[in-house]
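The structures considered in this document are given below.
You will see subunit A twice below: alongside subunit B first, and alongside subunit C after that.
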Partner chain A sequence: MNADVRAMKTPAEQALSAAFAAARGALPGKGAVGTLREDAFRRFDASGLPHRRIEEWKYTDLRALMREAKPLAEPAKTKGVVQGLSGVEASRVAIVNGRYEPDWSDFNAGDPGITLTELFAFAAEQTSYRLGDVPGKDDTAFWLNTAFMTGGVVVRVKKGVCVEKPVQLAHIFASAAAAAMYPRCVVIVEAGARLTLIESFDGPDGIDYQVNSAIELVIGEGALVDHIKIGRDGDAALRVSTLGVTVDAKANYRDFAFTTGGAVVRNQTFVRFGREGTEATISGATLIKNRQHVDNTLVIEHAAGGCTSRERFRSVLDDESHGIFQGKIVVEPHAQKTDAKMASHALLLSDEAESDNKPELEIFADDVQCGHGATAGALDNTLKFYLMSRGIPEDQAEALLIQAFVGEAIEDVAHEGVREALLQASVKWLDARA
Partner chain B sequence: MAFLEVKNLHVEVEDKKILNGLTLSVEKGQVAAIMGPNGSGKSTLAYVLAGKDNYKVTEGDVLLDGESILEMAPDERAAKGVFLAFQYPVEVPGVATMTFLRTALNAQRKTRGEAEFSTPEFMKLVRETSKHLGIDQEMLRRAVNVGFSGGEKKRNEILQMAVLQPRLAVLDETDSGLDIDALKIVAEGVNRLRSPERSMIVITHYQRLLNFIVPDVVHVMAKGKVVKSGGKELALQLEAKGYAQFADEAA
Partner chain C sequence: MPAVLETVEQVRCIDVDQYKYGFVTDIESEKAPKGLSEDTVRFISAKKSEPEWMLAWRLEAYKRWLTMREPTWARVDYPKIDYQNAYYYSAPKKKALASLDEVDPEILKTYEKLGIPLREQEILAGVVRPEGERRVAVDAVFDSVSVATTFKEELKKAGVIFMPMSEAIREHPDLVKKYLGSVVPTSDNFFATLNSAVFSDGSFVYVPEGVRCPMELSTYFRINEANTGQFERTLIIADKGAYVSYLEGCTAPMRDENQLHAAVVELVALDDAEIKYSTVQNWYPGDADGKGGIFNFVTKRGDCRGVRSKISWTQVETGSAITWKYPSCILRGDNSRGEFYSIAISNGHQQVDSGTKMLHLGKNTTSRIISKGIAAGKSNNTYRGLVSAHRKAKGARNFTNCDSLLIGHECGAHTVPYIEAKNSSATFEHEATTSKISEDMLFYCRQRGMSAEEATALVVNGFVKDVLQQLPMEFAVEAQKLISISLEGSVG
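This part shows the complex of A and B:
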């Protein structure tokens, strides 16, 4: 039988088709970018929104979760402010409703070693960089981003340049009515350069806006990159963020995803270690409540030998929230001496909270060290009793233990100011719970 | 009335009866040793005094300074002055010992309506106390008991006791797992805390600890109750003859 396996289009899929048909001529970027869009949309259109029978999207059934596709967000009409991280000085780049807004930004390019270019200006000038050719390029959500991308920036740190002040890419939804935004950014850190990159997502509560963002991160030989992604979206937001990372030899790469906001969030990270000797830590902390749904999905490809990667995620799940961790480590046949360890721990604060952990190892080399571990459970009563027996009231004992659980994850953040800000944010989350 | 009055206490754990009409009085300032064979209910008594859940009191009462504590949560009991030095101190990952001590002390003081300690006052108190116990600054910065040796964990229990200054300290097999040097440090720490204002219950299986912490009275437990009480010489008698002689008395 040669049945069409493709189910009938959902209203959201139909709306996306209509939106693309209406916008294709007006979307920015000509020539190659236009071709890229058409191609990406064709691929999306053939597969539709990912759903639970697509293994990679098993726990985040976008077809069910995304009931409708919101119209493309218009550029912001009035100037607003970028919310930073308390106590952290950063060069702020505002990407509002999916477009770079220089007026909102305070990118301080005092250092000639770092440049900032608008995405489509970069694409027009620069032909050697192939936009969209990153790990994760075969993902449906990424295709959608490519089809609709409305703007963003390209940050480039030149060879050997050490950028002291973190760069913050601040994604902001600033509209009174729900809409969808599709920012795309590229960050290139050349050989031996150093950068702390903060990425933040902010938007108002009560508006069911949609974000499909993507970042292409290219890390050069011997470069040092700290990427910290802070998800503080409004409580009705749906966000899918794709991060595609290409890592060269002997680099040092740390990635941390901190998520407290949004109704439905998926952080999907695709990393490829293309040459030997890199060390990477990919980690995160999620604190959610009510009916929030947060999915951290990783695909880590060890395509070259002698790389060390650590993947560790912790989540605190209250009320009826749902936390998901999927981590896949692929070790290619010639990637000998790979050392990869993955761990995921969930703390369930209510009987209704749900945690799904899916670690996967695909190992094709024989001389490797790989492992994974996952736990999900309630607060340890023995610990709680110990604290209470010392005079600490129950709620305070719980808060202290939760804080400790999250704090151990946040330890992975190298930048002291950012680490402190995240600890404060987790305390704030706990205080709001009490 | 004695400072601690345990009256005809019956306790079940998971439907199994462990304490079987235990009656015990500890005077203010008194150090009472509780000895007994394994399974006699010594640790259960310790946990019931501290307020651990899933220990079901089916009969009897526990009065501290004339007030029943059985309905109180563990933290309320602690604020009233009850302290349990655990047989197996718990590791608390991610919580620095200093933070733990400070949170506990100030929480107790707050419950009692006392002013919280300032940081310099608190640091001074901990520094002086820890010095005697051979606990260095590095240990205080580490997470509570994480990676500590058995001896370090027990010393940390005594440090907590010294900082929290309880009115009733219950030491549950504090000697278990300690070599003689560690035992001496711990015993000295406990002896330094002996005071006319502080009662202590020293639970032990062996007489050895009582050479270092000399009790005022010795109670022998068997099958969930006190079967014999006497002076410190009772401990020596037990050491010589064993617990078998009391098995019948409890029956």
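This part shows the complex of A and C:
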């Protein structure tokens, strides 16, 4: 009944152990990376897949949801295309089956302010950046990613450079048979630089592939970063994405997670404000149906004073879907003048849908403003009645209200094109529902 | 915004070093041999001359307890409890009390010192009673046994059964058998299971159909003996249409070693019944360096079994080194209602992890949670609560508000709410900011020329008073003495 009791290994855990034993010699990255892998796997092996007795994974019991571990995905054999965002021009970096594919990519190498390096090439040639040393490094899923990471890229924006064109890290699963991919990317935005980073997840419907991705995001002093994560995974996919962010002083960081795809999805975001004066908005919108399970988990650490953070999440849950929001704001001692507010709202469209909310506050400083709000409920019938009394048919009235509900969250996206694309995507989701 | 000076002063006044109830009563007592074993359980059962079924019940709980582990999920940190290094039964020597006059005068003096009226005659004669004050029936539990229960006769006339648990097991075995363990089963959790095995006394209340209990019922718990754990068990049943208000108070002497208190309280409300349960918990909190104090691990749960039944928990928590307590409501009957009002104040090295669970199972069930936590010194104060609506709980509604205030930079205040909605007609609202609830009130005050801070203070003060007013009058006075604290500068 306690978390420290180690149960028998599940078939998935056994398969992961076997896969690691078989692949450890062939996995890319030698030396320090190899040690990192071994260490991470040892830690994973000791704890096993996270389950409901592990507080952070209470609502997403991987031991139950991940019945089997798929084999490592092979590199893609044929060239495919990267699906962008309609109306958004971006530099595209394709990470296919967990590996960087330059052929699929369309990255503007002409800009001297931004560099793109393959993950293991980067790890081999430099020593100043310590891979894996990010908030969230003690998470089980992150260990698993470190143990198996097969590739990815490192994007670096140089000091003071404003990157006009958004960079899209497109994670694509392109195989006919189910497999697992473990991409890892590092994005470093140096002091005073600006970047809009789009991260997308695409894959075919009907294949129960598995994704365990991780991004390390380092934001320098006074930098401005917009990160938009779009989850359009195939309808049978299982995906766990970890985002570890360190933010320096006076930076501006906006994060938005938009999820419509996947069978089981967990977006976990770990942010640490290490120095004063940063402003951050971490938000998201989730639109799910059927038996989809989407978990947005955040841990926001205010380690320095004078930072402002806003966390806003909205989810629309139809059919038998299950939406989860877990947000934890930690205000460390001496992080005075922290201003943190978290809100999470769930709209249940069906009696079979389930919404679980856990907005947590952990506060060790006295001169702070922190709060959270959470609601769960159905559509407001009086609003619907108002619209219907003005001649709008019921289904349209409902769609309008849902759109307004989600729209409020999407407004947090600063990039106009992306915002427009997301609004369209939500309308498309509503149309499919009707 | 930071706390105002006045608030800081008031919290200092309830500083742990000024614990008023820390005296020891020198009295001879009879104890079970130290440690916990099957023999201890048999010893306690024999002491209480319990029937065979009760002993079997205890032994089963004990066997289960041996297989369980102490929970670690709460945000409390304490040295490992050595369950073998404590006494599980301690009773003042002298048995078979026919009347109050036979109670050891030392014990009477103790309760007098604590301000608990046990001298029924005097009270009845109106010697010490100010005009208009309501009468309260008291069950006084001293270490492991109940030493006196007042107003028994008068309550009997109304049909209300109010007696120590050990007597109830002998006199009303059918009622006890039917309800004991039906809300908190013996297998519930580590501490409840331990309690099931070794509980010594506590209060039993049965209010028959349609009866409104003519007076407040109250139990006053006192730990006196060193190295002794107190394990009381309270069971309150309100039959159809009945009403009862029950109060509970507790204190303990100042000692350097920690003492364990693991109680279980079960409430059962049948159709249209209402139970109001109030606690002023003031166990010894330990000294300014965090030495000593009571470890308070309590399982309290109410079952709104009937339709339109109502259970309301009100607690003022100021004592204990560790508080681990989640008075909960199972809203089983349709249209039933659960309420939880809490003020938890921690200072020194106290650690509080408290909150509630509202489990909506029936249709149109409603619940309300108001929790105010105040942390000062080096203490940690956590609100942990669960609100859940079952798939069939159509129209369930909950409103939760939990605010906390930090005084000083060495303490911590935490909120861990779990909100689980499993059907679309459930409406759950949870908020943890003071300004949000009172926008219009603030506006009203501002309009009349108050500054924003004054207005906030006024509104929030009014709010705390609302919680205090949930307490019956006798307790409200005591609680108000403990806290007349303004809550501006609240953080969620």
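In this text, the second predicted complex is superposed on the first by the 430 of 434 C-alpha atoms of A that agree within 3 Å, B and C clash if a C-alpha of one lies under 4 Å from a C-alpha of the other, contacts with A are read in each partner's own complex, and residues count from 1 in each chain.
Following the convention adopted for this analysis, a contact is a pair of C-beta atoms (placed from the backbone, for glycine too) under 8 Å apart; a residue touches a chain by one contact, two chains touch by 3 or more.
What you are looking at is a predicted structure, and each value in this text was computed from that prediction instead of being measured.
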Comparison of subunit B and subunit C by subunit A residues contacted: C
Which superposed partner A:G373 touches (first subunit B, second subunit C, both, neither): second
Partner chain(s) touched by A:L65 [first = subunit B, second = subunit C, both, neither]: neither
Partner chain in contact with A:L423 - subunit B first, subunit C second, else both or neither: neither
Contacts of A:E55 with subunit B and subunit C, given as first, second, both or neither: second
Which superposed partner A:A121 touches (first subunit B, second subunit C, both, neither): neither
Which of subunit B and subunit C A:R390 touches, first, second, both or neither: first
Touching partner for A:F364 - first (subunit B), second (subunit C), both, neither: second
Which of subunit B and subunit C A:I207 touches, first, second, both or neither: neither
Complex contact set, residues of subunit B against subunit A: 50-53, 73-75, 77-79, 83-84, 86, 89-90, 92-95, 99-100, 103-105, 107-108, 111, 143, 160, 164
Parts of subunit A lying in touch with subunit B, wherever the complex brings them together: 381-383, 385-394, 396-397, 400-401, 403-405, 407-408
Residue ranges of subunit A in contact with subunit C within the complex: 1-3, 5, 55, 333-334, 336, 341, 346, 348-378
Complex contact set, residues of subunit C against subunit A: 1-3, 68-69, 71-73, 391, 404, 406-433, 436, 489, 491-492
